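Once you scroll down, you'll see the structures, which are given as structure tokens.
Here subunit A shows up in two complexes: once beside subunit B, once beside subunit C.
The block that comes next holds the complex of A and B.
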């Protein structure tokens, strides 16, 4: 059974320059005990998607649409019953009040969900930990709140967690402040905090970007062993294809707020479909590669999410772009039961149909 | 092989790190006894974890920092103690690309001003020549001629890095220190910049000192590689040799820790996971600085600093490769350079 299922998630931010479409209708799901990697460049919407999932969007961000099912339960925010005409004033007021109530209920539900059932690790361990609180306080906070542990129990649990994540002399660390610890240790403490309440889902947003490779290896090992034991599902957000190759069961590639390709790790690496995935794989150098091969970078730069045109967002950088790519957005095409991608290359028949309809002068949606 | 364009011998750079309770000044040893040479047209990669002193080394070579000890020879001339005025001609042919393209370009200058400034400082060319050279530079790095009147904030990270590359090329340098030129950029843009750097090198016969922590990119671009750890050069040799058969235990651990972007190799890969925390570079102990994390640590590693050993055309700072230790291993059953079950086992110290 799927632990998490997200359908048609759309997120936009209001800014002074206009509306930024950060996430544009993504679908994905996570199985129990599975590690899903979400790969994308900065600004591709991978972090925003996860933040809105957890209900942690900034004030100017809005989850415009989307159904989120977590562990069989619908946790999508209540949608606003917008501007229905023909209703009496009384009905409209009642509707608005009901909406407010629904939102409050949803907010309360998310508060109990975060930390207990779904936990999140962020990129920068220094900004995540509170600099003026001792490690012990921060470690026991979630346990006391969610698990209703006594002080004693919470302290003991925290100690054993610190030992599990490989921190020496945990009693002493509990009394220390975050600044007294190295980056790797801080990040390990964050992993310990995230896993302290035994969540079903762990979202790791670039957990190792701030760390060195040897420390990164330690931490990835830690996340893998600790989640495998408890069959915790992990969503791993990263831009490092090396990490997803080592860690993940399935991969979703994001570009300009869309999941352009999705598949099992081997499918993505050995049989990539979308030209962007192919380009990404061509752009990385490999320590294991003995021959000096020329890199094949993707020309151009990622699009501006303020001014997106109607077509495929990757079309301006795509070597295989066709006319249709510039004006129509491709729908996902399945290749296998696990792999699918959004590219007109793979749905020629649909493309032809659109062209024919256009020629006949039908309106196209 | 031609005479090296840059030679660095026993270079040290210490910073003051406040006073200890005893009243002695504490020293942060950022670079300690580092030696290497770069030939014309060659790229030397410098890798290591953050805080290992690789950027300080690069900055000391271009004399942003004054070296504490050691010598820097540029084209055979000793520039270690040169004062600013006499450094100017050296700086003309020795340039640097910085890591953060958002911080290294003056936000109040147009691209044209940024690219012309080096020529103005060195009083080269007439105004008209400068203008045409700026155009040529923009073309070289793949920017459009009308970008000349724009300001840095109008560009993306990759384009800004192109501008700073163009700026370093303004004076036709022969040697460029690239201090993590790609780490602030997106993956698809990184490859563009690397290809650009390689193309410029092929066209102009430049030498690079390429500082990075992306080991894949360093393998791709460099001919020689130096691996640094807490200010020391742990291993130094030809890139292919070091990557295919690392000698130093730290290099082994470092290379094994790199996530390989290939699922099958990644699954098969044996990874050495290091334990322990990195020593502080402030007044470090006089022993092997990797001793507390090394899987092959011996008693002598904790007692004395390892000498720099010359093994098969490579330099390794490790007790496992000292002549007497190699002789011991040769006499025993252990074949050299392959891992015996436990190196600590039967070696008398």
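The block that comes next holds the complex of A and C.
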């Protein structure tokens, strides 16, 4: 059974310059005990998608649409039903009140879900720990709240967690403040906090960027053992294709707020479909190759999410772009039961229907 | 250990500062035109007799040496204007009123300032924010004697809710404390508003929310503790400012405190009283700053007391 299923998630940020479409209708799912890698360049919407999932968006961000099912439970935010004209004032007021109540209930549900059932590892160890609270306090507060355990029990659990993530003399660390510890140690503490309540889903937002290679390996090992032993599912956000290749069961490639390709790790690495995926793989250095060969970067820069055109977002940088790519959005096409891709190369046969659907869509909206 | 050494060092610096203060004030008071015994119907002979009696006819550096010498023996002297009244008894009489008033104002200003500042930062309603913001602007810009007189008129004379003179019952405290606290409340609330808003945007807040903590825990444990750092650093000067008395408040409400005594002594050229009160107030300010600096590391562990 699927632990997490997300459909049509759309997230936008209101800024002074306009509305930034950070995530544009993504679908993905995670099985129990599975590690899903989400790969994409900065600003492709990976982190934003995960933050919206957890209900942690900044105030100017809004989850516009999307259905989220977690462990069989619908946790999508309540949608506003009001706004219909013709309703009496009374009906409208009642509707608004009901909506507010629904939102409060949803907020409370998300709060109890966070940390206990779904936990998150953040990428920057320097800023994600509170500078004025002791490590011990920060380690145990979640435990005490979710597990309803005593101070003593929480302390013992925290100590063993610190040992698990490879921190020496944990008793001393518990009394220290974040600024007294190195970046690597802080990152491991963030990991320990995320693991503390034994979550069913772990979202790791570039968990190893700040660490040196040896610690990186330790941490990845820890995450892997966890998924194997307690069937924890992991969503791993990263730039590092090397980590993805060794850790993940499945990979989703994100570009400009869309999942452009999704598939099992071997499918993505051995038979990539989307030109962007091909480009990404072409830009990794291969030390085993005997012939010296220049890396092939992808020309151009990612599009401005403030001003997106109707076509495929990757088209301006794509070597294989066709005319249709610039004006109509490709739709996901399945190649196998596990691999699908959003590119006109693969949905040519359905072009007629897609174009008609999009023309209709644009004329109504 | 480091703490004791630090405090000792600060005390030493404090004494040195006080000495500079004494020296500068001593010579400045003598530079003021006029002298304590001037008056319309005082003859030159009497003046000279007084000057000799109090040592005012000596060259100024000798007067200074004499004063400091006495001071080192713990003798602040007696008032010129009120013969026989020692400076120590003058301070002992005025200080309790001034300091209890100041402390009450300080505590209420801290409490209200923090509450208003946090409310301003947390509230999502534009209305609440702009009303609080304009109130604090008003509090900063309107001089406190206007507040005092308005309050006396409305609550003292028209409504007769509070007495307007003296400092005998708790009820007497209300108006002077409000007058004293208006400015600090506005100042603290702006400070808290700014630092709280900034702290709310920090990554550790996202992390705290990601742990599933209650909204109140996130606000008061994670954000407020960070937001209070600038308030604590600023509270030393503030408490000194409030405890050393306000001439305006003390004269309007006829409170027999230090502030009133201070201003009277200056207009009377009552040299010893000026000196005595300057030393008292100076020492109090130095002490408050020291206490504040010792407290700071408790709020912000990144501040370490060294040496």
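One rule holds in what follows: the second predicted complex is superposed on the first by the 345 of 365 C-alpha atoms of A that agree within 3 Å, B and C clash if a C-alpha of one lies under 4 Å from a C-alpha of the other, contacts with A are read in each partner's own complex, and residues count from 1 in each chain.
Keep this in mind: a contact is a pair of C-beta atoms (placed from the backbone, for glycine too) under 8 Å apart; a residue touches a chain by one contact, two chains touch by 3 or more.
Keep in mind the model is a prediction, meaning the values are calculated, not measured.
Peer 1: Now for A:179: first (subunit B), second (subunit C), both, or neither, which partner does it touch?
Peer 2: second
Peer 1: Examine A:142 and indicate which partner it touches, taking first as subunit B and second as subunit C; both and neither are also allowed.
Peer 2: The answer is second: A:142 touches subunit C but not subunit B.
Peer 1: May I ask you to decide whether A:233 touches subunit B, subunit C, both, or neither, giving the answer as first, second, both or neither?
Peer 2: Touch status of A:233: no partner.
Peer 1: Just subunit B (first), just subunit C (second), both, or neither: which does A:52 touch?
Peer 2: Neither subunit B nor subunit C is touched by A:52.
Peer 1: In the overlaid three-chain picture, which partner chain does A:112 touch, first (subunit B) or second (subunit C), both, or neither?
Peer 2: Second partner only, subunit C.
Peer 1: Just checking: does A:131 make contact with subunit B only, subunit C only, both, or neither of them? Give me first, second, both or neither.
Peer 2: second
Peer 1: For A:10, select first, second, both or neither according to whether it touches subunit B, subunit C, the two together, or no partner.
Peer 2: neither
Peer 1: Within the complex, which stretch of subunit A touches subunit B?
Peer 2: 41-42, 166, 182, 184-185, 212-218, 220-221, 239-243, 245-247, 265-266, 269-270, 279-290, 292, 294-299, 301-302
Peer 1: Any idea which subunit B residues touch subunit A in the complex?
Peer 2: Interface residues on the subunit B side: 49-50, 156, 158-159, 186-192, 194-195, 198, 213-217, 219-221, 240, 243-244, 253-266, 271, 273-275, 277-278.
Peer 1: Spell out the residues on subunit C that touch subunit A in their complex, using ranges where they run on.
Peer 2: Of all residues in subunit C, those touching subunit A are 202-204, 206-215, 217, 221-222, 225-226, 229, 299-302.
Peer 1: So in the complex, which bits of subunit A are touching subunit C?
Peer 2: Within the complex, subunit A touches subunit C at residues 51, 54, 56, 111-116, 119-120, 122, 124, 127-133, 141-142, 145-146, 177, 179, 190, 193.
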